[in-house]
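Could you have a look at this structure, given as C-alpha cells, before my questions?
Here the chain labels run A, B and C in written order, and each chain numbers its own residues starting at 1.
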Amino acid sequence: MSETALPIVAEGLQRYFGSGDNIVKAVDGVDLQIQPGEIFGFLGPNGAGKSTTVRMLTTLLRPTGGKGRVAGFDIVSEADSVRRNIGVALQDAAIDPLMTGTELLRLQAVLYGLPKAQHHQRAGELLERVGLTAAGGRRVGTYSGGMRRRLDLALSLIHEPSVLFLDEPTTGLDPMSRISLWEEIRRLNNDGTTVLLTTQYLEEADQLAERIAIIDHGVIVRKGRPTELKAEVGSPTLFVTVDESTHQIATGLLAKFGELRPSPEGSLGVGLHEGPSAVSNVVRELDDAGITVRNLELREPSLDDVFAEATGYRLEGAES
Amino acid sequence: MRTDQAARPINTRRTPHSAAAVGLAKRSIVNITRLPSAFLPSVLMPVFQSIAFAGTFFAIIQIPGFPTDRSINWFLPLGTLMGAGFAGIGIGFSTIRDLETGFYDRIRLTPAPRSALITGPLAAALIRAALVTTIVIIVGLIFGARPTHGPTGVLFLYVAAAGIAALGTGWGLGLAFRFRDMRAAAIMQLTFFLLIFLTDAQTPLFIMDGWLELVARINPFTNVIRLARLGFLDAPITWNNIWGGLIAIVAISALTLTFARRSLARLSDS
Amino acid sequence: MTSPVTTAPLTPTRAPAETSTIAQTWALSVRSIQSLLRQPSLIVPSLIFPLFFAALGTSSFSRATGLPGFPAVDSYLDFALAGAIVQGILFGSTTGATALATDIENGFFDRLLASPSTRTGIIVGRMAGGMAYGAFQTLFFVLVLLPFGLSIKGGIGGVVGLMVSGTILALAIGALMSAMALLTGSAEAVQGAFPLLFIALFFSSAFFPRETMSGIYGTMADFNPVSHLVEGMRDLVIEGVSASALARAILVPAALAVVSIALSLRALRHRLGAS
C-alpha cells in the first residue's frame, strides 16, 4: 500500500516552542504510519508530546518541521480537506457549558456543512448512540464528566469521519464510564474507523490498541504490537506455590529454567528463558522430585515493563 | 478487530460560508441571553449612561451656540455608541472564554471557512448593537429625546452603531486571539474607552479648551460621533457631516477585522 | 466549620493573649494592603480613571463654569477634584470587598475563622487596609493635580480635611461592599453591585452643581447623600475650611459608615451562622 493511502502518516514531525536558550522541543522528529482500520495507541506521560503531536496532525498547530498526511491530505497545505475527514475528541472534553447537547450537535452539523434536512436526524442518532437522548435538551454545564466525554465523542462523529483522534478520552473517568467508552471505541473501529488514541493508561493501550508507540520527551522510544513489545522485554514469569517444607528443593529446580524473580509471599518466581513452553517441563521436574504444586501462574511481561525498559522509569499508578 | 471493508470515500463536502456564519452568529446570540451577568449590563449601561449624562450635565445646553436644546439629544447617541462598542467587544470576551475552556479548538477543527469564524460573530455583534440602539432610543424618547430629522436622521445613529460594533468586534477578536486570556479584555475595554472619550463626547469641539480639542480633532471617532448625532441636533444634515464618519467606520473596521483574521491564522502558530 | 485545621499563615501562633487582637488585626490589615498592591490591574483603574475624567472634564467644561448655578471657581478642575476623589474611592473600596469575596470563595476566609484570630480582627483588618488606601488616594489625586493648576483654598487644613473625609468614605463603602461579599460570598456579585455605586455617583452633584439640574434629576441629587458629601469636600477646595464644609465632608460619610458597618456586622453574623 502506498504511503499516501495510509490514514495517518508522520515523517520527522517536529514542534518547538520558544526560541534561543529557552527552546522546548515538545515533539522532536516523530514518525508514524498508521494502517487503515487500525486502533493505534499513543502512550506516554504528561508532557511527553502526545497532545502536541495530535494537535499538529489535526491541523490545530503548525509543525516546526517534518511532514504529516492525514486521510491522504497534507496537514499544512490541505488542512481543510484534513478537517473534513477526521473526527477529534480533545483532552478534557472542552465543550461550551452554556449550550445543550442537541444545540452543540446541530452547530457541529452546520459547521461540517451537512444538509439542513439531516441535522435533526443526525443529532438524534448520535445522542442515542452515546446514550444521551434524555439529556440532549439540558445544558452541558449540568453534565457529569462521563456524559461530557460521550457528548464530545458524538460531536466528533457528526460527519462520519474515516479517521478518529481521541486525546486521552478516559482521563479522569470512573471505571464504569471508562469501560463503556472503550466499548464505543471498539464499535466504531469495527465499522471501519481508524483510531489514533493517546493515553497515559497502560491498560487502556493494552486493551484497545493493535499497535502502540511510546513517546517520551518528544521522541518515540518504542513502537509495535503490545505482544511483540512485551516479548522484547524478555521471558514471562512463572509463579509457583509449593509447601513450605519443599521450598529449598523447588528453588533449586526452578533456577535451572531461568533467573529467579521477586514473587509474592509464599510463592516462588522464575523468568522462563524458553518461554511458556517450558511450563510443562517445570511441572514434570517438580512432580518427579515429589513436590506438590499448590498453585501455578504464568505472567507475561506487561506494558509497564515495556515502558519502564524504554524510558527508565515507571508511569505513576500503572498496574503491575 | 480490523474489518477489511474498503476505506470510506473521501469527504469533499464544502461548508457554505453563509451557513457556518449564521450558525456561529446564532450560537453567540443564544449564549449571551444565557449569561445574564454579561447581558444585562450590556443593555442597561448604555441606557443608564445616556440618562445619567443628560441629567448631570443638563446645564451645558445653556452654553451659547450649543447645537441642541435637549441634553438627552446630545448624550443619547454617545450612550448608544458605547453600547454598540461593548456589543463588539463582548464578542471578544466570549471568544476569550471559548479559548480558555478549549471549545474554540473544536470550532477550529471544523472545515468551516475561516472567514466565517469572523463574519459569524460579527453578525451577532451587529444584531446586538441594533437591539441596544433600539432600546436606548425607546428609553431616550421616554426621557425627552426628540429626533430632529425624523426616521432618516435616526438611521444615521444605527449606521454609526453598526460601524462601532464592527470595528469593536474586529478589535475584540484580534486581541482575544493574540492574548488568549483576560489580559485581552482589559486592553480592549481601555483602548475603546479612551478613544471614544477623547472626542467631543461630552461637549462640542468649539467649547473645548486646550489639549482635548487638539486630540479630539484628529481622533477619527469624533467623526463617527458626529455621524451618530446627525438626527438629534438642530443643524441640517449635510454631506460634509456624513462622509468623515463613514470613512472612519469603514477604514477602521477594515483594519481591525483584518487584524482579527490574521490573528486567527496565527492561532495555529503557538 | 471543621476541626481546627491549618493555621492561617499570617496569624502568630503563640501570641500573648492581650496583644493578639491588635497584632492579628495589624497583620490582616497589612495583608489586605499587600493583596491590593499585588494586583496592579485592580488598583490602577482606581487611580487613573478619576484623573482621566477630571482632565477630560476640565478641558470639556471650562466654559460651563460661567453658567448660572456654578459656584465661582478658577477652573473646572478645582470644581471636579471632590468628585474625582469620591469616584476613586468607590473604585478602590470595591476592590477590597471583591478580595474578601474571593477569600470566601477559595476557602481562605474559613481557615481564618478556624484559626484563633478574633472575628472582629478579620473584618477590621480589611477595613483598616481600605481606609489607608482611601487616604492615600485622596493625597495622590491632590498631588498629581496640583501641577495642572489645581488650587485648594483650604490650604493644608483643607487637604487634611479631604483626607479625613476620604478615609471615612473608604470605610463606609468598604463596609457596605463587604456586607455584600459576606452575604453572597461571590466576587461576581460584588462586582455586579458596583454599577449601583456608579449610579449613586452620577445622580449626584459630583460633576455638575445641583443648581444647574432640573426636574427629577435635581430632586434625586438633592436626596442623594453623595451630593452633600461631595459639596462639603468641594467647599474645602473652592471656598476654604469652614465648619459647614467640614461637617458635611465628615459627618455624611460617618453616618453612612455607621449604617454600613451595622449591615456588615449583621452579614458577618449571618455568615458565621451559615458555615
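The definition used in the following text is that a residue touches a chain if its C-beta (ideal position, glycine included) is under 8 Å from a C-beta of that chain, and two chains touch if they have at least 3 such contacts.
For clarity, every value in this text was computed on a predicted model and none was experimentally measured.
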> Connecting every touching chain pair, does the picture come out as line, ring, star, complete or other?
Replying inline: line
>> Report the chain ID whose CA centroid sits closest to the centroid of the full protein CA set.
In response: B
> Any idea whether A-B or B-C has more C-beta pairs in contact?
Replying inline: A-B
>> What's the distance between the Cα centroids of chain A and chain C, rounded to whole Å?
In response: 57
> chain A to chain B: how many Å between their CA centres?
Replying inline: 47
> Per the centroid of Cα atoms for each chain, what is the distance between chain B and chain C, given in Å?
Replying inline: 32
> Which residues of chain C are in contact with two or more other chains?
Replying inline: none
> When you check chain A against every other chain, which residues touch at least two of them?
Replying inline: none
> Inside the complex, what are the residues of chain B that reach chain A?
Replying inline: 1-5, 7-8, 10-16, 19-20, 22-24, 26-27, 30-31, 34-35, 98, 101-103, 105-112, 268-270
> For chain A, which residues count as touching chain B in their complex?
Replying inline: 5, 7, 17, 35-39, 58-62, 71-72, 80-81, 83-86, 88, 90-92, 94-99, 103, 106-108, 110-114, 116, 139, 155, 159-162, 186, 189-192, 210
>> Help me check something: in the complex, which residues belonging to chain B touch chain C?
In response: 37, 41, 44-45, 48, 52-53, 55-60, 62-63, 186, 194, 197-198, 202-203, 207-213
> Where on chain C does chain B make contact in their complex?
Replying inline: 41, 52, 55-64, 67-70, 188, 192, 195, 199, 202-204, 206-209, 212-214, 216-217, 220-221
